[in-house]
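Down below are the structures I want you to see.
Presented sequentially are two complexes of subunit A, the first with subunit B as partner and the second with subunit C.
Presenting the complex of A and B:
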């Protein structure tokens, strides 16, 4: 029996067993556990900022309904660690004061006080960023938005949600699900990240292919400017052509020119039918062909197209093994895998479209094997094959993580170039170099958005390895007119490398905009534009 | 036979006759012919700008490949009228020099020369705007982009089009159609307007419901700044999180901070199946209910939902009569009408969804009557019922045109308030006032976007009438937290009224941004932010 025939049969049998369990466990999305020192030196503390004192704390306590500080003994340094350290445990600030305002007015008063007293401030949402953008670098005041967490309004006719910046993404999505709507953004950190932080970092994630970027879906913002001025730009209108679209500047500004205290966002109806299928393939060219076919057959119901390579899949399998999960998913494994999700309003139509695609792929031997989820557990299980890649990499060693954007056709070439570079540098395990510190170079990402993640797994961090990777990786991205940060942002990690993605005129304009909004440079210093 | 039963029968018969002609002529989209004086006085000429001289012209001729001017006799004042007058023939500039550069470098040199010599400049695309934004107010240099009209590249994998700003919208869409893609914007002036001007004015139009705003679809811009600097922000990437999204400021900036010389835009696959249906209804509440049902039944394939009132329909019918077209469309006419368009990838599925909606609407007596297009001629004919409203109003008299955004539930209340106001002012025809100067108050628009157009048709323009309308109309929009310009922009017409839509903080930020980019205030003066 040829592969194609067997695979069709396999797909058909998967479809016919409505409760057939996918043979591996479904694991929750969780933060990757990695521990990396930062090779490049961090910017030194600037003397232009005042050092936080007991006096400052006393005044801030009189303004904000909740504070935590080592200065008055209301917290130990250990208790402040979760505010000072980043999610990757890579950057470690020493901010002695955490302020947790409950209202926009409190945020305004805190910022005005800091502005008048030259205190630097780091705005903090769920602190789930990957570039060290949301924790202090030195002793900045930590302004944490956790307590600003109310849904303000939802209009079931227009689908417009207005909510505080500190609302957790998953909470917002659950709220909307009950009303038959969906938040137009989804990402692994959804259980912790804040919607205000999502907007401040222009988060991309898993639904971008279908619903577009936040620049299109966010309708309005409420922002506290560095001097404490509250800017009410919280429009609920889909169309408003009365001047510069100022809110756009705050989307992706990473807390450098204002603090987002509320957002207004257009939420689509929740698809009533969703499907997911995963395929094994023999080449990256095959992945690209399947992507083109998926767009053609599925049209408006294609809601995600993700890919991952065999190194990524090996990491996930090992991680699942170690957690006692069964593993067998594909009868024929491949060098590449892709995941296709559909979301539509009519399950019968969607299944017909998807079946048409699957039959076409099998008949034309465009894939090696495929599995289609039959229920919501299998749906999540298949998604976890892709979503567990970062966590699995973190379990396997110390990870150098990169997040880049290049034209789809050139995406995987970057991974191959990186492997060659590491092999030439004599650090890649295998090929007669059994003890090389690099255990895996895994490539995966959001194919539909041209967004590639490269995870380089080492047995331990070393300057030697980092020097082989950087700035080489930024150079090859730049040669392909790509972006050195597709969705993670600049933060402190990538700020020094902005020149690989932006020209001098862009950087000069960014500096001018930063100065216009924040002439004292108090908001989120040492990051983004330096 | 009840209305519902008869209507279903009628729909069924329309569906069964695949070549049945809709009994009225399909008229081309064309510019409304109206002639209105401007009641409010225009801003006086500013002495800070140099007056264009023969010497300036000589220098500009040495820079740009094409110029026209009354100063050297290369054109008469009459020949410059199409550049000096706006599309509505409402504003009449006196610019003596038209420069038509062929390349971005030429645009750069022209702007540098004007910057160095304190010459004010009005950027001009197709000059089809409705608020006097693209023609000079006094003697500004007219920088017309017509000759900058090349497609630069198109990527059939990603759907990314890169093209000069002076490419005509319809030409861009035809180019894409041949490749199976669609420009994510459509509007009545497509045959004349430029894609650079579309982006500069953040045009909305007929496809916004489906494809979202230009803030989401535009990926990059090339812009010449007021001092002649070329900013290359022409990214082709769907995701790039490396700094402020500067291009967003130019989208909707109406030529006040830079001239868009090229755009990069994400174009979707062209839907292979399209349908359109038009209904008569008895109330605005019914229109809202049908809108909700359409969203539910049609989901992701709903591509437009437009509405118009019986006054709008009467104008169109009269216009069609005068052009010899037959008129009978509905067996039962109503106080309101709505148009539903679907666009999808599978005609069978789309028709099934649409039939499901139609049957539901008929069975529940939610509409009075309905017609479904059977071929492309009928498709265009049904669309023309909605698209001909502005032109028909223009033929019926002098038109006061307003374009506002308010929550969908409050949209039609604005039209009714306006009628009451005019009736109380004693200027509305009918109701015992047969000779009132106002012949019709027509309400129509993009229901899906909350965008209402109000056309007030007068026998002639008068200050008396304008004083009744303005600023009252802006007041009632402001009371409903709406926008006084949903898609037309500010230009010179609405600049004085910006305070009805934007608060003081927004206006102050706008002024700062304008000054940041254009410290001499040379670009498109007297407009937008004054």
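Presenting the complex of A and C:
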């Protein structure tokens, strides 16, 4: 088997870039382009925090099993870069001390010490965030949870997994796969991101349509509060109506009110049969109709419904051509495309349902054309049509990326409005404007979640273009009752714009919650609620 | 041998239902085979064969009269035939055997020979091997049984109007081009083409295409195996590597291992 299988595998990887590995690494490759755009000014250092000293380091070393610092020469500034810089290489902190505790008790001691000494702390997981939330802005102590990486328990009857916050998402999923279960969250950065960080940022990802958000799947948390208090809320109960559901406050709190050291999460059985189909369609209305039909016909086996427009597809095709991996997919192309994935436990049952849907769509001429994967190679290469959009946009130019959510019916209207705005501003290529700095405005996203990604591809970043896009894009999201951050969070990047999505009363309540948990404001300062 | 009229080329494409290439293979609990309760698809080399037959017809519609997909396998092998039909084959033939029956290459070659004699084909395009047992011998055996010419491991295939066939083969150090006449057997290599996707309209059309079904005994075939599998075991587990702290240590370790 070996030779043939290996050559097949090589062929397959050349023709279809795997959906598992590529998005993360490829974005990393595109990162230097993005780094140019850190013009947005950062808040100044606050004097209320102590400056980290040699003395602080000595004390932290006595309570944490591992530290790295420029203050005692155990690391150079260069070696601390991966802790200080964000993943897009857009934000650059100057934290001189990295603390890597191994147990919850150590985290507690570190936080208590920092609390008593007015040291600001930035909690850090895999540092894969997209809004500058997991790296220091100035000289905060970096509390990295990499060493807190043990699976604590798994119940094969209930599917409840209890694990440390620093467990890597992919490691957790591999552990579960061996037992026939699946982690209810999947995203491009799975090889690096931590499950504690996923919960702290309320990550969305590819499985949300099927398994719901972490607000539903997380059953309990263990959190260290800013003063060092350990809150044990590691419940394994699905139902528990006894008072405020405190864990919900920490899900999506981005490390501002406590550090998640362990999670208890409900994991479903791993689907054994998967199918994927991609369609070409002539309008966004048609995409919506197909979405409704897919939900009706497929029911519980529908596991993803993604859409992308012809601009996105053109970027992917161009990228694939340049890499020699292009392949004709559709006889009839369209203005829109959608991808449907099913996952179930019985392949015959799933195929019968899927075939029913396909026949219905073809007979009623609701789609122009479509293809259905016949094997795993095709499964991967069809997924890559959607998965490669961000990478392909990155290769085409400098990209302004927006992650918003709006009611499904209004999703694509936002992209059209953005195009009109750029055309009126005289910066969009085409329509007699050949040298316009904007090459493409591509819209794609998780249709099932109402989550739209708008990628604006420019020949270079410029203030002129940025002023046309922002804050206009946030205004139109707000007009459509949407959110300016669907799944990426606020961090430092979007903190100033929270007002577009939340009213004054909400923001005031958030401030009160922050003060209640963290009266000194030491945890992840300069971000989130400012 | 009947005269080969170029306008009457009938192509037979044998397709095997095998374990999907992406599936992690596990030894079955009885130690006599592998766990087959996993995802199956068409053998990738056979997919290339189907694609090539369709491309030949697209290039020379007047030359290729018909494309037939043949599969020997359990009831579910009919899905594999449907995939070939969805790609563009015209009709299918299914020789059914019970689930988990081992059909050895010589039995497969005899079965294909029988079908060819009954139905009259001029060209067989088939995978050079199946990725499950990796025998890679059916094509050669079939050519021997029929006394036909063969072009194995094809990376390029052309048919001329006069029935002349050119097969380009990738060999060590370059390309070999052989010329033969129909009827003949061609086995496919990876670089011959890239199979197309099955489009929805074609998947729907494929449902209406005809598939003939036979049992081995209907055709006077005997699939009794000649070999007995004694045991199947997993390869030795790879030992994990170690980390070295410095270049000197690396050099020392390499010397120790006798690499340098």
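Convention: the second predicted complex is superposed on the first by the 494 of 530 C-alpha atoms of A that agree within 3 Å, B and C clash if a C-alpha of one lies under 4 Å from a C-alpha of the other, contacts with A are read in each partner's own complex, and residues count from 1 in each chain.
Just so it is clear, contacts are C-beta pairs under 8 Å (C-beta built on N, C-alpha and C of every residue); 3 or more make two chains touch, one makes a residue touch a chain.
Keep in mind it's a predicted model, so treat the numbers as computed, not measured.
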First (subunit B), second (subunit C), both or neither touched by A:484: first
Touching partner for A:229 - first (subunit B), second (subunit C), both, neither: first
First, second, both or neither for A:329, with subunit B first and subunit C second: second
First, second, both or neither for A:506, with subunit B first and subunit C second: first
First (subunit B), second (subunit C), both or neither touched by A:358: second
Which of subunit B and subunit C A:374 touches, first, second, both or neither: second
Comparison of subunit B and subunit C by subunit A residues contacted: B
Subunit A partner contacts - residues on subunit B that touch it in the complex: 155, 157-158, 201-202, 204, 208, 212-213, 215-217, 229-233, 235-246, 248-249, 251-253, 269, 271-272, 288, 292, 295-301, 343-346, 349, 352-353, 405-409, 446, 449-451, 481-490, 494, 498, 501-503, 505-507, 509-510, 512-513, 516, 528-529
Parts of subunit A lying in touch with subunit C, wherever the complex brings them together: 1, 3-5, 7-9, 11-12, 15, 273, 277, 279, 327-331, 347, 358-359, 361-362, 367, 369-378, 380, 382
List of subunit C residues in touch with subunit A within their complex: 20-23, 25, 39, 41-42, 44-45, 47, 83, 86, 129, 131-134, 190, 194, 196-201, 203-204
